[in-house]
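Down below are the structures I want you to see.
You will see two complexes here that share chain A, one where it goes with chain B and one where it goes with chain C.
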Partner chain A sequence: MRRSPVGLRIAVLCYIGVLIGVPLIFVFQQAFIHGFGAFWTALRDQQMDHAIFLTALVALVAVPLNVLFGVGASLWIVRHPSRFTRVLDTIIDVPLAISPIIVGLVLELVYAQGGWFGSLLAKLGWQVMFSFPGIVMASIFVSLPLVSRQVIPLLRELGDHQEQTASTLGASPLRIFFTITLRSITWATAYGVSLTLARVIGEYGAVLIVSGNIALVTQTLTLDIGANFDNFNSYQGFVGAVLLAMASIVLLLILGVARHRERKRNEYLA
Partner chain B sequence: MSISLNGVTKYFGRDLVLDDVTDEVPLGSLTALLGPSGSGKSTLLRIIAGLEPLNEGHIELNGRDVTSVPARDRHIGFCFQDYAPFRQLTVSDNVAYGLKVQRMPKAQIRQEVDDLLRLVRLEAFADRYPRQLSGGQRQRMALARALAIKPDVLLLDEPFAALDAQVRGELRGWVRSLQRELGITTILVTHDQTEAMEIADRLVILNEGRIEQVGTPDTMYDKPANDFVQGFLGPITTLNGVAYRPHDIELCAPDEGVAATVTDVIRLGFEVRVVVSDHNGTSSWVQLTHDEAQRLNLIVGERVSLRVRLGAKKNRGPEIPEVFRIKGVESTSD
Partner chain C sequence: MLAAPLKETPIAQAKQPPSTGRQLRRVNRRGRRGAAKGLAVTYLSLLVLIPLAALVTNAFNHGLGSFWRAVTQTESIDALRLTLVCAFIASAINAVAGLATAWVLVRDRFVGQGILNAIIDLPFALPTVVAGVIFYTLYGPLSPFHVNITGTWIGITVAIMFVTLPFTVRSVQPVLESLTFNAESAASTLGASPVRVFRTITLPALMPALLTGTGLAFARAIGEYGSVVFISNNLPYRSEVASSYIYSLATSGQTNSAASVAVALLVIALVLLIVFNVTAQRLARNRA
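On to the complex of A and B.
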């Protein structure tokens, strides 16, 4: 392998260091400034524990739904293309292009009491805004395309010859999906899942608006961190930030493995 | 099992890709669907397999109408040009796939897979993954996988196109003898006329979605129904408006034939191609043996005369409806 130019190496490392390295070290240093005992006590803060629990619950609902939607939509778009799916293919990307604050505001306008659906749902006794369903909805919205963006190009590249061969061998569509299609897209889906999970647990803007940010009720971990900094309780905030950072690091490791698997697959394709 | 195609018609959007295709494929035959790219031959193969719906017509397998039967119930072995190996499965799991679908007992599956791998000479590769195989090995694996379900009919889409020349030659002979041995009715799609004539006992020539001619390789070569078939099955050289094969033309003394100018001499081992152009500048070629060429010692720019060899066939069927222009060689009906 050729050695990379020294100037290029320094530039890239400085860029990453200034943007990611230094802030990350700072967050960890601040969280452990009073030692492990204080960190452990801060972890058992009631408000934060509720926020962690709520965030986990939101992820537990939002991520599987987006995986089902993402894989289903990808199969539809790639395997049964039509004029409609071309439009769908573009619409799926919309959440990435819209600011999360706008997403929150629009969801609130539509689903809050007095909104288009809000009034109807209120009559049925369902409160969507400022409660769990609203948070899940906003989380799903902001992470909508992250699975399908990974799966669609892979399905296109794979083509449908394996699936068609399986059908000539007598396999049912369901069997083909589980034995051929799903096994081929497992790693791409895993990659999409990690991206979705990271986005869901890290989302701030959209959730801030639709949740109402009520402590011990609708406050997710990111909102709790924000509230702590606002209330001059920055130590508690850093502890929460470290938790999020560690979750991200674990996800990054999973992503690394998924990527490695993908690369192996590409070597065969080449 | 015999296959009968009855008025098979297929549109892609507004494009007519198959126009009223009717043919009867006899039991145990090896038929080559031959045609240029875009002639609809692969589409026809996919329609027979049930992988593509048709717009009009009927397909029968041994007298049973399967037109609306889905691919998975047709009991047909199908091999794609890219072999479509199941990448996540080992070679033996690939071959076992159809048997598992049939819920065959495990011990029996193992036995069948062993037999099939021996048949395609891949017994040493049972636990490998497709990515660890060469192109020819992948093709044999795909063939074993298709044969595992003991299909009534075997359909091969451009089976040798992705292989290098030497492997292609070996596999052709091997597939042919395997087909003979198993006696399975086989249709093979190819754009290569040499391959089709070498392997098939029956040719169906398709052009722009229509069948141009059906017959044995010999009759097709010697008695092509029209200029398209003649031009597609091999090179032609026209003399006084009549098309001949280049090996049916010889060079002769001036005044005895048609005047032409040598524009190139190409040596292909035992065979020598003399490229000539007539007074209109139309280019064609004459095939000579190595000895003949050496004796004549032709040089580029030399003026020669062409005539038909003694005993050569006028390479034409009885009825020729249209005038075609093929590969820059003009020919008209006589």
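On to the complex of A and C.
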């Protein structure tokens, strides 16, 4: 093991410390600057509670849908390859290269009044933009590839001889899927789910456009934080921000566990 | 795209009607699989493909001239230029810093390394708006350090540096981990200085991964909004990034102009991603 120069270690620690460490400590310091009592009162702010509720509801709908799609599409792309799936494989990754603002804009162009499906939706009486379905769609769009990007490489690496063996031994397809396929991709999926959840909870730009940002109606927690800052109510904003920061730290811990398990499983297989 | 499940319907393809129970089950399974595929394609179309098609249509529905006029407006050019300059500086700094961080994480051993490794991912997990308000308060008019960089390219660049840091680290780290010491040891036994060993042996091996990571960081930086919008102050012609300009166009009813600038921004991002990836692949192939 060749050691790296001590200077380099110190430089890196300083860089990460200033860029990530200081902001992280700062958000906690700001949220608790007036003590726990004030923090507790701020937590019971009606507008913020509604925003938390809405964010949770959006995540509850968007995350399972994307996990279902992500796992299904991965199986399709890897196990039933065709010219079509090669195109699909590329298209799935497109949302990652698109600015959140553009995501909001394109959804508006199709689903808002005057958009492509605007009159049809109006006739049906479905309000998509500036309401719950629009927020869910924007959240799904921005987090679409996060599960499949974890699962596809793993499925490719694993191959399908275990499934074939099970099938030769007479196991039903459903049993093969649940006991072999699903079990082998559990941790990769868990990793993808945490990334999806983090992205959905934290989305700002796309949701800002499609939701209309109406307090107590379509304001998610990120929008509530932004609104509090725009209204010079930065303490309330920091209370919301620290909640999201804590959520992302918990998700990071889950990600760490998932990656560790994944590596252990790979060592076992190798 | 709704035709996809119909095409997969096995009855249409079966040469003779299925007779045994086993055959029937297989037909059912293929039918279900076809339905699932159709559902996946519909999901992708409704959410991604149709909206993107609408974007391109809206950008060009008054002709190429109006598209070009919208993109070459002074405000648009200024916003695009500022975005690219800040994204370039931030990605360049992070290419170097990310390489150094990956190096320290893989080749060094010290107390607290696990925490460093975990904290690198924070910008991926932390909502952009949270990063935005933190940086605005840390380096804004009420800064505890008395540093005010709001409304400047420096502020925008710092926010982008935070958001894109993990990309380079996480793409270089696994390659560095899998690198064996043979060539490096041989070179240093033959009297090469550590700097020369790094420059001629280690760095070329890491280059493809470094380029891929930097490309991803650049693409992300170009579209960044939540972390930048607070610290930038959004002054037109001066500190307004492209996504912010698109937002102001979209919310003031200038949908076609918004779509035009968005198409320009997307094309720039895609071209850059392709250039970075092709260069990385070529480098990797030359080494193999």
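Here is the rule we use: the second predicted complex is superposed on the first by the 264 of 270 C-alpha atoms of A that agree within 3 Å, B and C clash if a C-alpha of one lies under 4 Å from a C-alpha of the other, contacts with A are read in each partner's own complex, and residues count from 1 in each chain.
We take it that a contact is a pair of C-beta atoms (placed from the backbone, for glycine too) under 8 Å apart; a residue touches a chain by one contact, two chains touch by 3 or more.
All values derive from a computational prediction rather than experimental measurement.
Enquirer: Would chain B and chain C fit next to each other on chain A once aligned, or clash?
Expert: fit
Enquirer: Which angle, to the nearest 10 degrees, do you get at the Cα centre of chain A between the Cα centres of chain B and chain C?
Expert: 80
Enquirer: Quick check for you: in the superposed arrangement, does A:Thr41 touch first (chain B), second (chain C), both or neither?
Expert: After superposition on chain A, A:Thr41 lies in contact with neither partner.
Enquirer: If you count the residues of chain A that each partner touches, which comes out higher, chain B or chain C?
Expert: C
Enquirer: Is A:Ser82 touching the first partner chain B, the second partner chain C, both, or neither of them?
Expert: Touch partners of A:Ser82: none, neither chain B nor chain C.
Enquirer: When the two structures are overlaid on chain A, which partner does A:Leu24 contact: first (chain B), second (chain C), both, or neither?
Expert: In the superposition, A:Leu24 contacts chain C only.
Enquirer: Just to be sure I read the superposition right, which of the two partners does A:Val106 touch: chain B = first, chain C = second, or both, or neither?
Expert: second
Enquirer: Report for A:Gln164: first if it touches chain B alone, second if chain C alone, otherwise both or neither.
Expert: Touch partner of A:Gln164: chain B, not chain C.
Enquirer: Looking at the overlay, does A:Ser119 come into contact with chain B only (first), chain C only (second), both, or neither?
Expert: neither
Enquirer: What is the minimum C-alpha distance, in Å, between chain B and chain C after the two complexes are superposed on chain A?
Expert: Nearest C-alpha pair, chain B versus chain C: 8 Å apart.
Enquirer: Let me check the overlay on chain A: which residues of chain A are in contact with chain B and also with chain C?
Expert: The overlap between the chain B and chain C interfaces on chain A is empty, containing no residue.
Enquirer: Enumerate the contact residues on chain A facing chain C in the complex.
Expert: 1-4, 8-9, 11-13, 15-16, 19-24, 26-27, 30, 65, 69, 72-73, 76, 88, 91-92, 94-102, 104-110, 115-116, 137, 140-141, 144, 173, 195, 198, 201-205, 208-209, 222, 225-226, 229, 234, 237-238, 241, 244-245, 248-249, 251-253, 255-256
Enquirer: Show which residues of chain B lie in contact with chain A when the two form their complex.
Expert: Chain B residues touching chain A: 49-51, 70-80, 82, 84-88, 97-98, 101-102, 131, 142, 145-146, 148-149.
Enquirer: Please give the residue numbers of chain A that touch chain B in the complex, ascending.
Expert: 159, 161-162, 164-172, 175, 179-180, 183-184, 265, 267-268
Enquirer: Please output the residues of chain C touching chain A within their complex, sorted ascending.
Expert: Touch list, chain C to chain A: 29, 36-37, 40-41, 43-44, 47-52, 54-55, 58, 97, 100-101, 103-104, 107-110, 116, 118-138, 161-162, 165, 181, 184, 219-220, 222-226, 230, 242-244, 246-247, 250-251, 255, 258-259, 262, 265-266, 269-270, 273.
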